[in-house]
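The structures considered in this document are given below.
Common to both upcoming complexes is chain A, partnered first by chain B, then by chain C.
Right, the complex of A and B next:
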């Protein structure tokens, strides 16, 4: 019988967790790639069944893998926003009538605003058909779905850690964004603290007086805090220009500017079908190359290391991969009829559920169990006094 | 009490008026498809749709006036599809039940008809009033334009610019419009084929250069002998046949000597489309909806279980 000591030691990265996976936060970029790929897939389809499936999948992944951080509670607000988008789309479609045909199902009529002859291109009000309402709703649902995808990424990924992935040249921008992102929670904290202090001193906590009594200390607190932060950052060497010479800075600026111009021209060329060919992909590629060169050159003067960088392991590959795969399937047009992705509502007919795209969307939902579980929230420490009071 | 009732009646009045308006527009739907012989130089509106981009002919059919361009294009077996973004008023696809079983063009592989199609590939709408031999690019949508008696409406697929100077139709209105002054051939035998060949254009009428098509598929069922002038290598030559009608401006986008222009005689033939029954519409089955609903419920239940487990931890 071999002694326990002779057993091969467990590898450091795979500690024995009793069959359960170690909770850790996934690399934020993996979540962003997953969500953006899913949004890309959504942009391809207008099929309400597929869209509802996407929302269900997003809901499942968010519930299963969100943390308890303040930004991780926002998914339901994205859902409200999605509802508002659908409602706006339907109302606009009803008001700016798009015409009703004898084959349509008449729902109701809005009073028509007469427009003069020379303005006959636009009709306001008039009969509204069931087909128009449904097609506006599915159109809105698609935008709503994309919004929810972005919302899921915001909920699942830690924004502060995501900013660390920025290229070195944009480091200072990232720092500024991180600082501004932390302002809101700090303000809330500060207001609560001042409010509690006033209550303990038996001062009024309501009314205009109280408002002044709270706002002034909170502003003072914010100012003090920012001065402290500035001093701390200064002492740690932030804002240092490094070894950049004036020439290299100029070259960086020129590269970035021309690169951005190239990207703009390329986007225009790709979107406008009548633009000359040369303006499309070649300009885009040239702009991208110039931008990368500019970022590289600019990043050279930033010599900073990252404290505890997020690892990119198998889980990250799996999550990003299943998102990208769903987008590839929906754009691949293989194994299904492209018409099923965009069913027409004129004349009314039941939408179909093409199996391949549906499977691709369900596959994206596999991110819910492919990703490691989030870190459990630290349980509130129970102070001894309170325990005594309770007993 | 009675005051509130009158107020309610006042409030409802515009609604009633709108419904009445709707009813009115429904009664003007007395516009009816007609055999081509019923259209004359001064009555009825001729509808022509060019399917040559997909190897089909130019179909033409006849409808009574008053009508709208949309109604003319949605009767007698014709059917259109709008876009998801703009509704049925934007003509995205056109199909005729007598042509390939009512398949609508462009097919979904070429345009998914979700957003407004690009200006480089869409159905453009052209009119020519009675006696005119130049096409006018429509300034109104199909639902708002009301064709005049004796006019020709033409739909061609391709690209135009905003002024309608590029991508003009290759055929002339005179090739499409009704020539008879009195209605003829009213009593078509019921069992006749839905389409029949029309007279080839009179000699000396050039069918004009092909529009800027990228993939001109020659009509596979082409039987009509090409008109003698069809092989003239000067496609920009204008139609000399109609007396006292202004010559159509040669389309500037097509150089007169380009090979595509020489290939212009492959321009589609004109075929009369008789009023036909609408293509069958299958409203599909509701099983996929139930299946998708079930999937959503299952995923939702999984999410609920996950949420519950989290709360328990």
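Right, the complex of A and C next:
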């Protein structure tokens, strides 16, 4: 019990109160733009120093601005995942290494597995060079960094609120995700309950028979529960008809589909340098326009309002802006040598830290104090219990 | 406000219609109580009000149901959301969002109410139902009563003219039920909301009802003021049974009215001690189960704190206490399958062997000592027919030698359950009987029932009392955790009350529940200071008085 004299220890991870600014939750879209922009910036570089800098920035912003909600405790799992990605990458490279040149630094040799003639070209095992391991590690690190960017967005923005930002046409999708998010923990509870109950019958708790004994009651339970939920949602007005006609629905579908095709073609054109120019930005822009039109048209049939919509104010502009700015700098190639972003491993040398990109990434870290502090967690106040009258 | 015009409802898979030519009018601002046994069509009647029947459930509805001038034939439930609000039995099943405030706003978002109005209505509703302190809390961490109030609030924000409540208090302890019902009556009196409420625990609601809609079965519906309908209804709360026994007219429906009428009855009954509430069973002197310093904790939060308990053969013990007071945790710890942080349990075997701790035994041996029927009995059922379940039970208990043991037990508990029936198609009472039969095939001397009365109507509760008495007569120790005071008064010899993991009261039923104004059964409240608990006692005393004269 904390007495009035003992103060809870202040830990570094505790969100600061933000001075005179009112605590509020930032618009989830702002965090997503910030994180995706940073991920885009990361995709540009292979420089391990810059990549570590990005992870440091993500770590700082997450610890400074996350809440105490369940989804906000997940960043460390993304870090573990990142480590796994790097490890897998290195292991694969070592096992399926395509040989070694005389200039490479020899590290160790794995036993070579002979492959049949018709399978030539791929070697399993053999000598592993330092260069190969390093290049695999930096490659892995880049993917890991992008993963961490997504993780940071998931940690900082409430996923349910983020889904509410979805355009009206995608509302049903959003609700489906929300409901499944809340059903999942109930399913886990239900499995635990049934598993525990099986001991009461002295039924086996392992094996195929047990699986049936657990799956059947749990699924029946889940099915009944979802039916009741569907009935409750229906009686509370979910899915009230708007002004959609069959025709408008068809047009929406066609617009969305062709828009998506345009976006895919555009992305391909942008990323593959050999693709014809027309496939690049123009296709992407056309696809985007079609998609927006489709969403607009689809959204028109939905008549719905949002309770306490998240405002988009200066803070949101600032956070999203500093993320985008760092991406623009890294893609802009101005003020630094583009080769520094992807230092060569031949010959092997210590990478240099290019000042301008480093500053751009640090700038993204400014989101840590540009964003308003999150709302203090509401302590689970103990409700006044009535005293038991029966004695 | 609500009109049923020659309404019949027929489901495809049933031979008889559930409702037959129902004519019914509910006026604005009325609180109507819907009563009837399980399976007579109460839920169908309530579902028809907002169009869930037949739009959602299937089946065919003949005739016409209109609510506030809208015909449900042309308006599916979602189009009636602004007129009718529906609250079900388990509030958690209906929650779509995860915090109180968002849940309150959900229906309004669907109705496209402007954000400014939404803000205002949410604040009003938070105040109206006393939820203001809980606004940012996650729904799953609220208590049952609070959850049910949020569920009511979440439909109220749409400003419906009609509120339909299907057994809103059946999962709640007495004080939480009180909390919910007072919120409902306040809505009727302050806002003039029309309320249609179905409830098994009539003793909780009769006094608030302006009118009673009685479904006697066969699809029929009769309506009238409570005092008239209950004169002949097939089910009635204890207060009404007492009124019938004492021939009071008009029938009193509130404790206050009944006490004013009861003065002559109290003098008639006089100072003689009442006949025993329960058939005299002989409680064995030596305890079968001895538990010492039982502690159960979840994530270092204690649920049961160093509880000592002894259970004797032939004695039915009721375990009471509000939701979350540690009743279930204690039962599971006694059986040995649940977690137990410390303490010892010793259970004597039937052949007089050395007492053993069920936790240290295998599951097969543990259930021979202590049988537990969990809160959701269906967790134990997974086969396709009653017969398969019974065979499986015999196999599990190694009792297969002498014919079908489980079948014999089941026939004694609930005769006439068909072998081919799917367990899910049984009624709540039958499911309970089936699971109890499965557990009894192992012949445990201690039987624990975790909230068996939930969802049972008066008839099923009567059956359960008969079964439990039978178990006690065979020399078993029975523990029933329940919120139902009236049930306890009729079924239990001893009452143990828990609060926050401690036992706060332990003694004979008469002493424990009469002493408490909250827990006392209706008969005790009416006849206090006379220590009567059940109507049965009163009728017996009156009959003996007649003979003596």
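Just so we're on the same page, the second predicted complex is superposed on the first by the 284 of 391 C-alpha atoms of A that agree within 3 Å, B and C clash if a C-alpha of one lies under 4 Å from a C-alpha of the other, contacts with A are read in each partner's own complex, and residues count from 1 in each chain.
Throughout what follows, contacts are C-beta pairs under 8 Å (C-beta built on N, C-alpha and C of every residue); 3 or more make two chains touch, one makes a residue touch a chain.
Everything numeric in this text was worked out from a predicted model, so none of it was measured.
Shared-chain residue A:348: touches chain B; no touch with chain C. In the superposition on chain A, A:93 contacts chain B only, with no contact to chain C.
Of the two partner chains placed by superposition, only chain B is touched by A:102; chain C is not. Of the two partner chains, neither chain B nor chain C is touched by A:22. Contacts of A:127 after superposition: chain B is touched, whereas chain C is not reached. By the touch criterion stated above, A:237 is placed in contact with chain C alone, chain B being left untouched. In the overlay built on the shared chain, the residue A:338 is in contact with chain B alone; chain C does not reach it. In the superposition on chain A, A:81 contacts neither chain B nor chain C. No residue of chain A touches both chain B in one complex and chain C in the other. Across the interface of their complex, chain B is touched by residues 46, 49-50, 52-53, 56-57, 59-60, 63-64, 93, 98-104, 106, 109-112, 120-121, 123, 125-127, 131-132, 135, 138-139, 273-274, 333, 337-339, 341-342, 344-353, 358, 362, 365, 368, 376 of chain A. Contact residues on chain B toward chain A in their complex (touch as defined above): 14-15, 17-19, 21-22, 26, 29, 70, 74, 81-82, 84-90, 107-109, 112-114, 118-121, 140-141, 143-144, 159, 161, 281-286, 288-289, 291-292, 295-296, 299-300, 302-304, 306-307, 310, 313. Chain C contributes residues 50, 52, 55-56, 76-82, 84-86, 88, 90, 93-98, 101-102, 105-115, 118-119, 122, 133, 136-137, 141, 143, 146, 154-155, 158, 175, 320-322, 332, 335, 337-338, 362-364, 366-367, 371-372, 374, 376, 378-382, 392-393, 396-397, 424, 438-439, 442, 497, 499-500, 504-505, 512-513, 515-519 to its touches with chain A in the complex.
Chain A makes touch with chain C in their complex at residues 160, 175, 178-179, 182, 193-194, 196-203, 212-214, 216-217, 220-221, 225, 228-241, 303-309, 378, 380-381, 383, 385-391.
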